[in-house]
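What follows is a pair of complexes built around chain A, which joins chain B in one and chain C in the other.
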Partner chain A sequence: MRFGLDGDRVAFRDAARDLLARRCGPEVVRAAWSGPPDPRPWQGLTEMGVLSLMAPESSGGLGLDETFLAPVIEEAGWAGLPQPLTATALVAAPLGVADAMVATDLGGPLVPGAGYAEAFLMETGGGLRLYRRDEVDVEPVDTVDRARHCGRVRPTGPGAAVTADPAAAARAFDRGALGTAAELVGLARRMLDLAVGHVTERRQFGRPVGSFQAVKHQLAEARLQIHFAAPAVTYAAYALANRLEDASPSVSTAKWLAGRAAAVCGRAALQCHGAIGYTVEADLHLFLKRSWALTRTWGDGDHHADRVASALGL
Partner chain B sequence: MDLTWSDEQRAFRAELRDWLEPNLAEWRQQIGGSEFSGDTRQGVAQQLAWERRLYAAGWSAVWWPRRYGGRDGTLWDWLIFEEEYWRAGAPQRVTQNGIQILAPALFELGTPAQRDAVLPRMAAAADLWCQGWSEPGAGSDLAAVASRARAVDGGWVLDGQKTWTTRGAFCTHLFGLFRSDPDSQRHRGLTYLLVPLDLDGITVRGFGRLDGDEGFAEVFFDGAFLPDDAVGGGVVLGEPGRGWDAVIATAGAERGLLRSPGRYQATASALIELAAAAGADRQSRRRAAEAWMKAEAFRLRTLETVTVLDEGGAVGAEASLAKLWWSELDIELHELALDLLGPEAELEGPWSKGHQFALAGPIYAGTNEIQRNIVAERVLGLPR
Partner chain C sequence: MKIVVCVKQIPDPADPGSLDPDTKTLKRDVKLIIDESDSYGVEMALQLVDAAGGGSVHLVSMVPNREVSGLRTALAMGADSATLISDEALAGSDALTTAKVLARAIERAEPDLVLAATESTDGYTGVVPAQVAELLGLPSVTFAKEVAVSGGTATVRRQTEAGYDLVECPLPALVSVTAGVVEPRYPSFRGIMAAKKKPVDQLGIADLGLEPGQVGWAGGGQEIVDVAAAPARESGEIVTDEGDAHERVVAFLDELKVL
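Moving on, here comes the complex of A and B:
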């Protein structure tokens, strides 16, 4: 019995964290608001093997599992990486879709990364098909988090069958929900980090605002939510990787807890930043707006609570 | 990450499960009729019979060394024990304050002679220990303790008052914090003493908690003489004047760094059953699932904590996060059950009783406001 990441997974995650720290600072996230995202973080992740980590060895991948990838995706969440890492590495790669940046509508009708993705994994009649960029019609939409470059996607060409098995499609959805939960935990951590930094520096009434109990208690509550959401993500990755019986409800538990953690951290961080945070000049909004989108895609909180209820026989 | 139990652990679980069911049935037959709360005189008498049954079979503290009445078990065994214990519907432990709060302090700071004298009798429920920390003027502000211990030839003279002492009216011994240096301030000059409650000059008055049970007591010390040998190995735990260190060293144990997830899983399961039986509407089913998920999160976090401890790591202020979570969770589980029961909720019964008990959670072992301060300052590093 041992609950926690082993040395290999920690080392892989830390390498991704270092890479993202170097190549995906807030200025990169901000720049993605007004143009296609800087390709360098994505290239780095490709070189590290992150994108093909879960692809079968037969398609040139590493054949590793969710327990390696989820911690890396959490770091991408922390960094606010604009590109669709969950869709590409966690949803599509295990289905043998490799060597392309993939956008998908499995998480919702507004497809993130639709503006620049190379391939589209689309739900069709219970199965999944893959379309090239020239086989779809993309209608760009304005979203609150502009860095997501969402669009409504309609296939116009034949595409290629990926799977006709509804169970495989359901597992793909679960992997997407897991990745989104991991990103949300990362975003929650980032927003709390920003808030802690701010309230330590910012002085009012002659002292740091972080010394006031009303501020402390909000941020302690935020930390509490992260503390109990993170292990649920770890467990869901393990349950999916080992095809445990409770894999689906464990993903739902992770997504629900992570969404809640991000919501609590986001509100607390915004409030504790005061008017300084209520601007597009402070970095907080980059992560806050991402968290709003992710909380309600790949199944919102009620969707996942209902899935757990039905798994419990309710 | 490996979430499979070893053959030994599975065998341990099976042995316990096989023991619990018939023994609970026998015990219930033995006490006849109603099972009273462990916070009443009748309930304590009933549960002493249960505790002695547990002890005779070696189950009272499985993670302790065998020489003290344990099974040389690991923290994993403790976790398994707790899961099975609460799943079986066994009663709350009247020995718990000794086993969960005093024993860790004895393991950390006690002498071998003290451990030999105190632990086996604690495991056997021959002695029942209560915690003497809070005073009328020292609740959240524990360092304001004013009860005095004056060193005299051959022992100590105690004066002052403790209060909100859980099961104080039924316990034989108290472990308490006393000001031994009259000129000291705050955290300094406090001594952690082990005190038999039958000394001359000690008066115990039980009083009703929120649920009316006599689960609280005031303990008055009026020049009570505590001989050095009133407890084998001596009555001072750690060094005289350094009682605060002992409190801090084991605060995590009380806050439930290692509070059993099994307890909340059992309550969550009962809630799910209640919701299913009550034919709850969609919104209530959803709320039940949400509460269940929080219990699951507590279980998973505890697995991670046990892993860290098992591998020789330390977890400090995180105990405060655990305490915030389980105390809020316990209330949520019970409030939802009361909502499902609707107008029947006011009946005296396990849910209304459990609800009133749960409401104590955010208050005892350091209020949740104190815990949030600890999280903010020691986990997040915010300025004091």
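Moving on, here comes the complex of A and C:
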């Protein structure tokens, strides 16, 4: 059996990759550290139909499922897109929340994108409510990845009920964890790409440093972790889309493996860049810090390992 | 208004290509994509049809192995239909043969306007658009940076070294557009899904009334006798500033006609 992406899924992913390659280069991620993010990548994704891919057809969406969106989100992870794509397209859109950039506290108390999101999907007593920007107080908080403009969000207005069903809220959490896992796989790939680029170019003793075993073995090991994580993400998307019984533990497996892949790739990339990797001028740090932040949100490694263990009855 | 756009599908320029040692031509058995220079023609055609308040955009492509992936990209952007000409006898076709094949296919579509890129990214002959126009007996306008159509007339701003020429010509006509003339749209997901259902008419040379002896290596006037690596770049000229460096830099850029 071949388990992978087919026709439209590949075409969607490639179209998003092409757009992000042109509109969301490292300079765009870097600029978001010191100001509002460039709106053009987000506009492009909106026009392309990424944000409404999972929105119901009745509200103008495509009504497609997680298996179409996860590969696109992986590309956003690769590009380091600052805006909350997972929260907007994968968590909120399937609940019928469309036409706005949505930030959420479902993944943790520090809300990514709080500085510039247009709406806030907040957990309230097991259900979910949606607040407009003028219905919340945002207290900005500096985090390791400043491009995302995190903040603590406190509702001050009434908001609108999105769902009172705890099961729907739990599925929304699983979708967020899935999207974050996909982003982490993309980030792992990006950091490995940067490392391979660097060690191919950088020469010592008359040859590229990547030709030394100590370097290439480390990078091969990092690549292996991506190959373990990526199919787990694809399966978790499939399990969620088809409401399979093992959907939640599959999401946890994916999130855990993706976090590990990003950690191994990040560490290898940092070391292979030499001292340059430690500087803020190196693009690597944009992606490294994003991966640190994402690994700890939407459930950290321990949280997801516990979920897998309890699903296995351990 | 009916517009035909010539679209070439080429190996991805981002991947290092390789030459077939037997034929000394580029290997094309890899995945093909739409030549980026043709995406400007597609975008221009879509905009012209919009401006005209209706019409259709038809693609014509000659390609080995019935490859359609590049065409699907253009159909996803919004083109309505396509003609694909693929035939084993076409292998080794030179520019003029390509033009003959395209001309026959374009003729069948009876367009008001034919758009093409100035040159392809993998072949760079830059002669096919003018040859197609000549074969079809159409006016040919090259290097267009702006195109407008009204009342059976095309008005074109034609890029020149000094600025642009304003050219008017009656339709039907063939116009080749330069890169960067418009910003090609990204295909939307809805467009990608719709593209699969759009008609792609697959033709061989017999459908176009051509014989195997008229096309390909047999019919071409070209013979590739040798292929050699491009000479290594020579070291540049070092200018020592004695107060006049800026003038020499300006003179150098002027010579390159980049100013």
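For the reader, a short list of remarks on this structure follows.
Throughout what follows, the second predicted complex is superposed on the first by the 312 of 314 C-alpha atoms of A that agree within 3 Å, B and C clash if a C-alpha of one lies under 4 Å from a C-alpha of the other, contacts with A are read in each partner's own complex, and residues count from 1 in each chain.
Everything that follows uses one rule, which is that a residue touches a chain if its C-beta (ideal position, glycine included) is under 8 Å from a C-beta of that chain, and two chains touch if they have at least 3 such contacts.
Please read all numbers here as calculations on a predicted model, not as lab measurements.
Clash-free side-by-side placement of chain B and chain C is the outcome of superposition onto chain A.
Vertex at the C-alpha centre of chain A, arms toward the centres of chain B and chain C: the angle is 90 degrees, rounded to a multiple of 10. In the overlay built on the shared chain, the residue A:C265 is in contact with neither chain B nor chain C. Using the contact criterion defined above for the overlaid structures, shared-chain residue A:V308 touches chain B, although it does not reach chain C. Residue contacts after overlaying the shared chain place A:A177 against neither chain B nor chain C. In the superposition on chain A, A:L130 makes contact with neither chain B nor chain C. Of the two partner chains placed around the shared chain by superposition, chain B is the only one that A:D6 touches, whereas chain C remains out of contact. When the two complexes are overlaid, the chain among chain B and chain C that reaches more residues of chain A is B. Of the two partner chains, neither chain B nor chain C is touched by A:A70.
Within the superposed three-chain model, A:M54 lies out of touch with both chain B and chain C [touch as defined at top].
With chain A used as the common frame, the shortest Cα distance separating chain B from chain C works out to 14 Å.
Residues 7-8, 11-12, 15, 18-19, 44, 47-50, 53, 62 of chain A are the ones touching chain C in the complex.
Residue ranges of chain C in contact with chain A, taken from their complex: 72, 76, 186-190, 192-193, 196.
By the touch criterion given at the top, residues 1-6, 9, 76, 272, 275-276, 280, 282, 285-286, 288-290, 292-294, 296-298, 300-301, 303-304, 306-308, 318, 321, 324-325, 369, 371-373, 375-377, 379-384 of chain B touch chain A in their complex.
The part of chain A that touches chain B in the complex is made up of residues 1-6, 67, 192, 196, 199-200, 207-208, 210-211, 213, 215-217, 219-221, 223-224, 227-229, 231-232, 234-235, 238, 253, 256-257, 302, 305-306, 308-309, 312-314.
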